[in-house]
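Following this line, the structures themselves.
In what comes next, chain A is part of two complexes: it sits with chain B in the first one and with chain C in the second one.
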Partner chain A sequence: MSSRQFVIQYVPGTRYFQRLNGQTKIIFFVVGLIVMMSTFDLRVLIPAFLFYFIVLLSVKPNWKQLKGILIFMTLMNLLNIVLFFIVNPRIGNDMTQTTTVLFQFNDFYVFTEETLIYFLARILKIFGTLLISLWLITSITPSELASGLYRCKVPYKICTVVSLGFRYMPDILREFRMIKESMQMRGVELNKKKTGLIQRIKQNGMILVPLVLVSFDKVETVASAMDLRGYGQRKKRTYYSDAPAASDDYLIRGVSLVLLIGMIGYFVLSIQGKVPHLWIP
Partner chain B sequence: MVSFQDFSFQYKSQQTETLKHINLEIYEGEKVLILGPSGSGKSTLGYCINGLIPNQYPGTIQGSCTVKGKDIRTTRIFDLSKIVGSVLQDSDAQFVGLNVAEDIAFALENQAVPREEMKNRVHEAARIVNLTEFLNAFPSDLSGGQKQRVSVAGVLHGAIDLLLFDEPLASLDPHMGEVMIELIDTLNKAHHKTVVMIEHRLEDVLHRDVDRVILMDKGEIIFNGTADGLIVSGLLIKHGIREPLYISAIRQFFRGLSQTEHLTSLKTIDLAELKKAPLKIHGFKPIDAQKKPLIELHGIKFSYDAPLIDIDLLTISRGEKISIIGENGAGKTTLARLLTGVIRPQEGRILLEGQDTSVLSIREIAQQIGYVMQNPNQMLVKSFLLEEVSVALELNGFSKDEIEQKAGDALRLAGIYTMRNWPIQALSYGQRKRLTIAVVLALNPSVLILDEPTAGQDYAHYRDIMSFVDNLNRSNGTTILFITHDLHLALEYTERSIVLVGGKVVADQPTLEVLQDKDLLAKASLKETSIFELAALLEVDVNAFVHQFIIHEKEQKDE
Partner chain C sequence: MSEVKHEKETFKSIFLKWVIGRWSTATVVGVAIGAALFGVLMNYGGITIFTNTKLSTAYIIPVIVGGLFGAGPALLVGFLGNVFADFIGGWGYWFDWSIGNGIASFFIGLLPLYGARIQEGIFTVKQAVIFAIVSVLGLALAFGVVTPIFTLLIQGGELTITYAQAYAAVASNAAVIIIVGIPLLFIIASRNKRKQNLVEE
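Let's turn to the complex of A and B:
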């Protein structure tokens, strides 16, 4: 019952961008990150942003679950940008070496077109990265992630750590809940309005002690159970959840490859100085 | 298949030997039960067979132990895992896959079996344990019995010769326990696997025949022979194992056991012979006391993130002893959480001494209703006993003197006052259980809810805890609620039972009546205990017979 309440998908989704196999999803995700992170050029960022936005929309995510993280990211970004502006209002101009003043507060604080575009690019980059990450989280099951990583030549011990983490997370949350309830019955007040911050941190610390002890017991059993089924015996391993690549997988991998080559080309041009670091319309 | 010769083992962290001079042979195709109280070394013996000793738990080995000719000292755990398939006690922790199919496949994945072949073999294993429809299910959707079966499927692949079960019944209700025992029997008879079971619930294991029983205590083998021989020997009680109930009853009512064979099932007991003997049963008068209601539930509905609860009316009076029974997932624990206020009903009211609890905080309710969780480790947060008991008192704002007084009283009641300065780490599981009861008692609640108080404990500890709680009820008038699926416990210690099925109260009657209602038991997936069967077969007054049996058992315990 508890496994369905997480943002993380334990049940494979049915939409196009959820049906791909683990390896394809990881490739698509990594290329997306590269596109979003490697440039400040709005001519690249705007189409890419729209593209990944459509991808995310196409899997019809549960916005209610994502609301918290979206609000948090928006606030952090706005704060981030305000801080940037306070520290260096000419940050955009430093990149383009040109200045188009739109509005002047005083000698130091000027509002320039270049900085405005720089900030716009910055927001697009961060939200674009967020979109791709949200798509991955709402589309990949932990099993696909583990087998996909293994296909991408990640050592299988690391893949196991990833999938075991997801496997036991609901269990540990349940333990946490039970310990918390037992402490509340003994008089620990976890209500924000009734107790101060320091007191609350102290009392949460008290819950951690049994949680760690109970979890250690579990870890020992998990390790035994894995050893007893021959884990770590060979250099290679196969994955039950490793679905063979279908034609859609090759299509998306192709798209990713084209994007990657495009970005490399763009990168080469920018090294040669043929495209500016910050494009001004 | 397995051979121990003058074998002794001492864990690295222990001062004394856990296994002492063990001589034991287990033959191919045999089905062997290793019986013993907690701390008898029976699990350690199992670890030697599956290779966790010395691979995972280092220590000193003397003598020799071989599994299919391989010396355990020089064999890697991986090589042993191809001969021995182990099913551990904790069905949650050993479930390493994200769903059923992946968990069954785990061993095959480690052997790098190609995916297509793996699929077929997983389906085959799932078919044997009857889980084909559950291949895509998640551990959180499965019952304890199903998880246990997944673990069995996970070790069935390939040329496994021996299956080792470490307390397979520990977390199962009686019905699931029967299914498990039947499955183990099929694996032994139809699939020709040698089976070693480690358990202390003898009567449940004997639901299907075993070839041999080995009784262990204090690291030594006390008995090695047939189940009949063991029952006749009278060694069981002496070493803290519960006899099958019908055997105890026959001993009691007929002055001993004259039959010496075919004792493992009530069906093969010669009752004709017994019926000839005069049977003395005293009359039985049910107690009927009018009591003041303490807790009232009115139209309670709850359904979110937990089994559904739907209760029209339920009243609990001061000083009562009540069992809340039902199969796993019937909502027993959810009901307890509602009573303690950690979750609140979506509809309806819970009254505590006439006051609506919706206005009370968890802490305020806890001063009246104490809840002892199943796993004591989830409740213990401090390093020393006295500290642990004092936590709740400190948080409730008592003065230093009061804390000392009340904590001392609670520890004395629990019979662990002399250990008050001990570190909690040094306590055994049973002692921890006692400590958690002391923790709850410190606030002097008028109701004590115990969630599966005897789960994972052998008979000696079971009696210990239960008579302690029973005394508490008698001397302090504490109302006791047991959450359990052990029907004999319900019968021995409670007058009234509330039966839950799918979150609804399907019966609220005297325990004696509930346990005789076969339709009701079937509905709740519960199982009649053999004492009732025996009474019916003897054609005697069931109420009087059972009542007298219980009184006698309790008297024996007090001696």
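Let's turn to the complex of A and C:
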């Protein structure tokens, strides 16, 4: 828990992909998600995956912090893939209507080339979105996120919700740990191995109730402080962290635009049926 | 909250105030803190019962935000809270589930529409029963219908697992809402009632 806590950045970074302004980062991120989510085609996914991998490498993330997430993700996805295979081993074949059997356990559990490629595409998709989101987490600060969203025409009250939420998260984690420790001090057994399921649910409730009450008690204080500073008086808002777009920003926006146009072109082709749903070499 | 008492409540004023939400500074802060809590609880305050699905205590948050601020804010808490959880959890973005969470939270947050006023300490047993029914229906609609549609649109894939996860999500979230949520609403309502200094005669 403690190692994963500070993945969110609160200080702007200095690398190329961290120096972009908030709006450019959001555009780059959204286009990346669209690229990764909209296709199962390995010819698109592999280059995109490598591209975003290089982007993530270029900001030199702290791998120690990310290690837990990566291990967790790998295990979770392997489990998911195994489940998929158990439920429907011909899932790839359903998409292509062809069958190339590589290996056969029995009549139902066959291992086909199409399914293999489908699973590969799925893993690439999930890890691709993970790379993009890790890049965003390691390069954007809550204020930049808010100003970027505002530039993308999101109502500023929602921008405030986003940035305030991110800023409040470490407070909640600290509160959570404090309540948990004081519970343990009073002799409540919180060790996962020593308690049963029902007991653990009860204990979660015991931590939850004070955490929720304490957090919502703060709403009034924070809201009064914001009201005193004139929050919500005007229809518009300016942001301290709102930097004007530099030439680098225009470059990355251009790259995003090219990617987006490419994806739209690909989409049109796939609607016309010129590219298969799942590409088999 | 005293001005609320004297204001005549027409259907339109109730709709504006509780379904869309008033979006005062307090609402903004409440939704922000609620979404942050939702994200944190979804990551750390749960017990895994199925892949990608947890018996998560996070579902308390839309209950409270709905009770305090209305359904629109609750919707935003569910949606943004899930995005926050994905953001800090780092398991990729599952917007199909975020949208489902938003819709489910909206139904949970309809609480003030049938008379419950948590901030004024009004929450009766009858309202609790309606609340439980509406919440379960909302969860079933959100995870049984809306999320699979978006899964099909966004992930373009296999629905068997999504349905299995959806059943687990409906069951576990409904359990959390009913077992933890309703008592918590009674606690908060009675706390607020004490602050009202009103005696029934």
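As a working rule, the second predicted complex is superposed on the first by the 266 of 281 C-alpha atoms of A that agree within 3 Å, B and C clash if a C-alpha of one lies under 4 Å from a C-alpha of the other, contacts with A are read in each partner's own complex, and residues count from 1 in each chain.
Note that in this section a contact is a pair of C-beta atoms (placed from the backbone, for glycine too) under 8 Å apart; a residue touches a chain by one contact, two chains touch by 3 or more.
This structure is a prediction, so every number in the text was calculated from the model and none was measured.
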Partner chain in contact with A:I264 - chain B first, chain C second, else both or neither: neither
First (chain B), second (chain C), both or neither touched by A:Y231: both
First (chain B), second (chain C), both or neither touched by A:L78: neither
First, second, both or neither for A:L50, with chain B first and chain C second: neither
Which of chain B and chain C A:I126 touches, first, second, both or neither: second
Which superposed partner A:C152 touches (first chain B, second chain C, both, neither): neither
Which superposed partner A:A246 touches (first chain B, second chain C, both, neither): neither
Partner chain(s) touched by A:V101 [first = chain B, second = chain C, both, neither]: neither
Which of chain B and chain C A:V162 touches, first, second, both or neither: second
Common interface residues of chain A - those touching chain B in one complex and chain C in the other: 1, 164, 166, 207, 209, 213, 218, 222-223, 226-227, 231-232
Partner chain A, residues of chain C touching it in the complex: 23-26, 28-37, 39-41, 44-47, 51-52, 55, 57, 60-61, 64, 68, 76, 80, 84, 86-93, 154-158, 160-161, 180, 184, 187-188, 191
Complex contact set, residues of chain A against chain B: 1-3, 5, 10, 141-143, 163-164, 166-167, 170-171, 175, 178-179, 181-189, 191, 206-207, 209-210, 213-214, 217-218, 221-234, 236-242, 244
Complex contact set, residues of chain B against chain A: 50-52, 55-56, 77-78, 81-82, 85-86, 88, 90, 92-99, 101-102, 105-115, 118-119, 122, 138-141, 154-155, 305-306, 337, 340, 342, 361-363, 365-366, 370-371, 373, 375, 377-382, 391-392, 395-396, 439-440, 443
Residue numbers on chain A that touch chain C, as the complex places them: 1, 4, 7-8, 33, 37-38, 40, 66, 69, 72-73, 76, 79-80, 83-84, 87-88, 91, 122, 126, 129-130, 133-134, 136-137, 157-158, 160-162, 164-166, 168-169, 172-173, 176, 197, 200-201, 204-205, 207-209, 211-213, 215-216, 218-220, 222-223, 226-227, 231-232
